[in-house]
């Protein structure tokens, strides 16, 4: 009996990977040249920021909360990345306008051109996330409302920083994101590194067990003498950290910022966590699954594009593919149960 | 000869009448071109959600599928540069229009949105030399079209101080949204609003909001949508209402198609082309309304010859 | 606190109170700008537009009450589809108003059944099931109408824009609807079942609650209300458009939570929807009135929402 | 270290109120090394509250001395743990999403660094081997996958395991409520050996036999106060029950006596025999009390759920005539609606017949709640209080009221007496008997031999199959145990 429970669980854990493989097979069937070094580079490089965002969302879901602001936060980071982080305060459009109008001198003192300003703001972003965790815990607030509010805050800040899309990503991020690694395409290496790092951090470390436990039974964690406040703050700070990586890697790929760049990441990241086998409550999550989920979502887009759907139905087809991928999982799950 | 070349349309949004008209124009012009063997394929692709990241992925997929040229209505002028650069590096021609991109390797078919904003104010100046209070309805915040039109409006108002912008709301180019925003701000505005400057897709909503508030309808600049034109005509017939209407013609997508075809054909085409926006005036209203289908947008489509003329004009 | 008369104590204990307090505060700040001029008109406009969000908010509320993970993301697409189909069927003829209504509601029923089938047969988590189906519905709307704007029948347009003494007739109807739905939630077996499922689905099943039918009904109801909203909205704003539902995604969820219902399910109230809807409209109006640019407007909207929720929680803590 | 005479912890006049409810009204208690204190009292007497205080979960008024020093003001979970005070709470305190080893780590902050998982696994397994030999639990099992009895075993083992801080005082709040007799005796034996080695245990149980067998000293609580405190040797069952304020019932006075012949009529519940295992079919007639026996977690609950799900449907192999109601034993996951009042929790299954027009009749539901408050003795000032304000046993009573108050003809009971005090149990037994005589059918899963004696007919389960069928006259403890352990024996 014990053995069968175990194997059913392992199989369920394997499901995300299985759906990914099926999708890859379908892509190969439709477009054999997609399955190549160049093909993977093109199809998967945008999966990197999604994977980071999904991990960020997963951190929040672990403690039974939901982050509806991750998309706008990623956009905010991208805007900062394309301005403050590359050229300091001097890179902000309104400073440039002031320079153009002659209100400010053409050459600015170094302090206004140092990327340190960007680093500082990004660190503050993580700090804000930690504070949100604290606020949500101390006041026992529904995270959905707080992060819904925050989604407006981040969007507003982005629009203030970059009223019109633009800016320039720092060169080092651009070159990192377009790295041509030998043999194995960079996005695949990056995905594996992200998955393994997040897995070790959350699933393998001893404090990781406490963090996840706080999702499973917060009362038990408190009764064992841990501070739930610290746990919440840690998880939200982690979300802020991974969200920051998402924004930076995204701006490295797009090379410039845009306030509306990642609105979709909110839903995508939630879908990624669920596709990866995570659950909304109870601290049941899987970092590896989440990264696979992100890759699946990205590849689903490629698959559809290869299918050449009539224009009217292109949007619908994306819905259909989500349904099919998840239905596949249910079918395997059912078959396993029947056995 | 481009008979074996494949062209794709990458589109980031299909959820309004302008975009639907754009897609229809594309079909109308490219289908015969494919049948005639001018190009091998001209497939349109639309992303599910209006998102830069999704469109970037779409462009990359189109490259993988071996399209020789991508005609692009971009979700962002800068944020797609990474994907566009990759496409160029892979030898794919990228021609952007309406939502143009700044990446130097791509071609741009631009409409001078700023001028469009200016013209709206200049029209008001013509009609109302004494000036007065005006209300501005903007588009989607953070998108460059919104910024450009608004800049033009504000510049022209600065040059004509008899006008004063007493309120500014975002209607997101959506008439229901515009209606709600205008209805909300109207009560706080002075009674003597003489004009409403808009960006397209929001004029009808504004008219409804003025009507609901029981205020006299000022001169509302329209945005070429059929419902806007129809409302205008109704008013005109009833009480001689006068205004103007302007927007980019959705058929620019077909110009972009021909430009891409010519580049593939080895023709020398300048990177930056400008087309005038399409303007409807009191005199042309009836005719424009007649040729605009229900639910559509006043439109012009381009033939290969039209495109050639635009290119030649730019070379001079 | 003990000295307070019972009525006030009970009122203060209501979770929806804060939405109204916030709405009133924002309204006052707005008319402060004009020195009190136009206060009534602002309210009229607020009621007019809040009406549509409340209609979909009610459906969303029932779904959210079903417990963690339950949410209907297909509301915007359903609004669009129902609006498009209804206007096309009515084809501007007053005689077909009822037919149009039935068709719009039928669209809702179809969408609701489809959503629930995804959730129950394919076991797809509701958030993803309804998101996926919303893409399919949106495509259907595009393929069906291609964004064609047909004018609504005049009688429908008149009804949706009618006012008595500055109060929109439609708003009065929806206030009545909200009252009925509040009674359904509190005082009927169905309402209790919804709330029970939201707290503990397994326990509900073992207590004899017909879990399947109850959830099914909630999802269908949500879609039907979205259909109704699409129908009325196309009447109100002079026809349907492909983007007419877009803003109701976040709004419908925001109404539920700002209105004082629990996002974790099992604990909800309908009156809060109206407070929250008025509040959200008035916030935008206030910021527009004060001439805030888009950036500051977003920023302030966010901070105000957080402030309201923190204030509401302070009340809970002192209770 | 303080001298042996100084208590590990002593409480002086501690008080605790939850709003209007005064849960503790001045309690004195001292726990010394080398003794097992048996703590008894009616449901809601304040036992769990007192233990939460000892474990530092919430603050209280009064004097708390640990090792002779007054630390009431800064007493917390962390201080308690540092002084070797551990608690197995009445409502399980494991994280269901974590493995057994990870749950051990939650308790032991020192399990960290490289290889912590292995060490945690060994720690917990060694202790499980020691307390519950043959437990069948593996360190990598996800706790949520384990049946409730095994979860309880893990939690107990975790409380006794030692890393940096010693285990000097272990509080067990109804540890045996989910354990069968066999596991319970293993635990009690371990408690004795722990005490013999100088540890201290506070044992709370409603099974007085356990208290008398394992306790050195018995403390009786009533209405938030300690009313009696004497050596266990001074008590027998009857005197202990008397001390608690209930009248001891003659063993089996209410139990069915005559061995009624099974009816020939069509049964209310029939579950076809398992073809592979070849056991008997399960049958329950109108007015019968049918017991499902065996060790804990042998498929009895699953059988009840199967029958529950089959009601009103055309299920394969299971026929059920008429409506069914279920009394959950695992009240946290199967029974309680945590956001609701006691009244709402009780009436949920009966709403359909308490309608006036389309609306629920408020007066009728209120009357039903009040009626059951009286009939089953729920201790609360107001039935509109939240259900979670009730003590564990009283929550269980509310679940009973829900099922008995419904119009179901068959009541399924999933080890329903967990945490119910002895006085109430006797009353409920009586109620069940009376309801059965009035025609109701009961299917009763229980791990307590005493309760089987109330049944007309008993099916013994082992490894998800029915392995024996005993009529009232055939029922003996030996036969049940024999069937339960057939393979071992």
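To keep things simple, chains are lettered A, B, C and D as they appear, and every chain counts its residues starting from 1.
Everything below uses one rule, namely that a contact is a pair of C-beta atoms (placed from the backbone, for glycine too) under 8 Å apart; a residue touches a chain by one contact, two chains touch by 3 or more.
All values derive from a computational prediction rather than experimental measurement.
J.: Shortest hop count from chain B to chain D along touching chains?
T.: 2
J.: Would you say A-B or A-D is joined by more C-beta pairs in contact?
T.: Pair with the higher count of C-beta contacts: A-B.
J.: Please flag the chain sitting at the greatest distance from chain B, going by CA centroids.
T.: Greatest centre separation from chain B goes to chain D.
J.: How big is the gap, in whole Å, between where the Cα atoms of chain C centre and where those of chain D centre?
T.: Here the centre of chain D sits 44 Å away from the centre of chain C.
J.: Quick one: chain B and chain C, Cα centre-to-centre, how many Å?
T.: 32
J.: Quick one: which residues in chain B touch 2 or more of the other chains?
T.: Residues 14, 48, 141-142.
J.: Residues of chain D that touch two or more other chains: which are they?
T.: Residues of chain D touching two or more partner chains: there are none.
J.: What are the residue numbers in chain C that touch two or more other chains?
T.: 135, 138, 142, 146, 262, 294-295, 297-298
J.: All pairs of touching chains, please: list them by chain label.
T.: Listed in label order, the chain pairs in contact are A-B, A-C, A-D, B-C, C-D.
J.: Where on chain A is chain C touching in the complex?
T.: Where chain A meets chain C, its residues are 64, 66, 135, 139-146, 148-160, 163, 267, 270-271, 274-275, 280-281, 312-320, 322-323, 326-327, 330, 333.
J.: Chain A touches which residues of chain D in the complex?
T.: For this pair, the touching residues of chain D are 55, 57, 76-78, 81, 87, 89, 92-98, 102-103, 105-107, 109, 111-113, 116-117, 136, 138, 141-142, 144-145.
J.: Could you please specify the touching residues of chain C with respect to chain D in the complex?
T.: The contact residues of chain C facing chain D are 183, 187-189, 192, 195-196, 199-200, 202-204, 206-209, 262, 266-267.
J.: So in the complex, the part of chain B that touches chain A is made up of which residues?
T.: 14, 23, 43-49, 51-54, 56-58, 60-66, 75-83, 85-86, 90, 102, 140-144, 147
J.: For a test of understanding, state which residues of chain C touch chain B in their complex under the given definition.
T.: Against chain B, the touching part of chain C is residues 30-31, 33-34, 37-42, 45-46, 48-49, 135, 138, 142, 145-150, 161, 233, 237-239, 241-244, 246-247, 281-282, 284-285, 288-289, 291, 294-295, 297-298.
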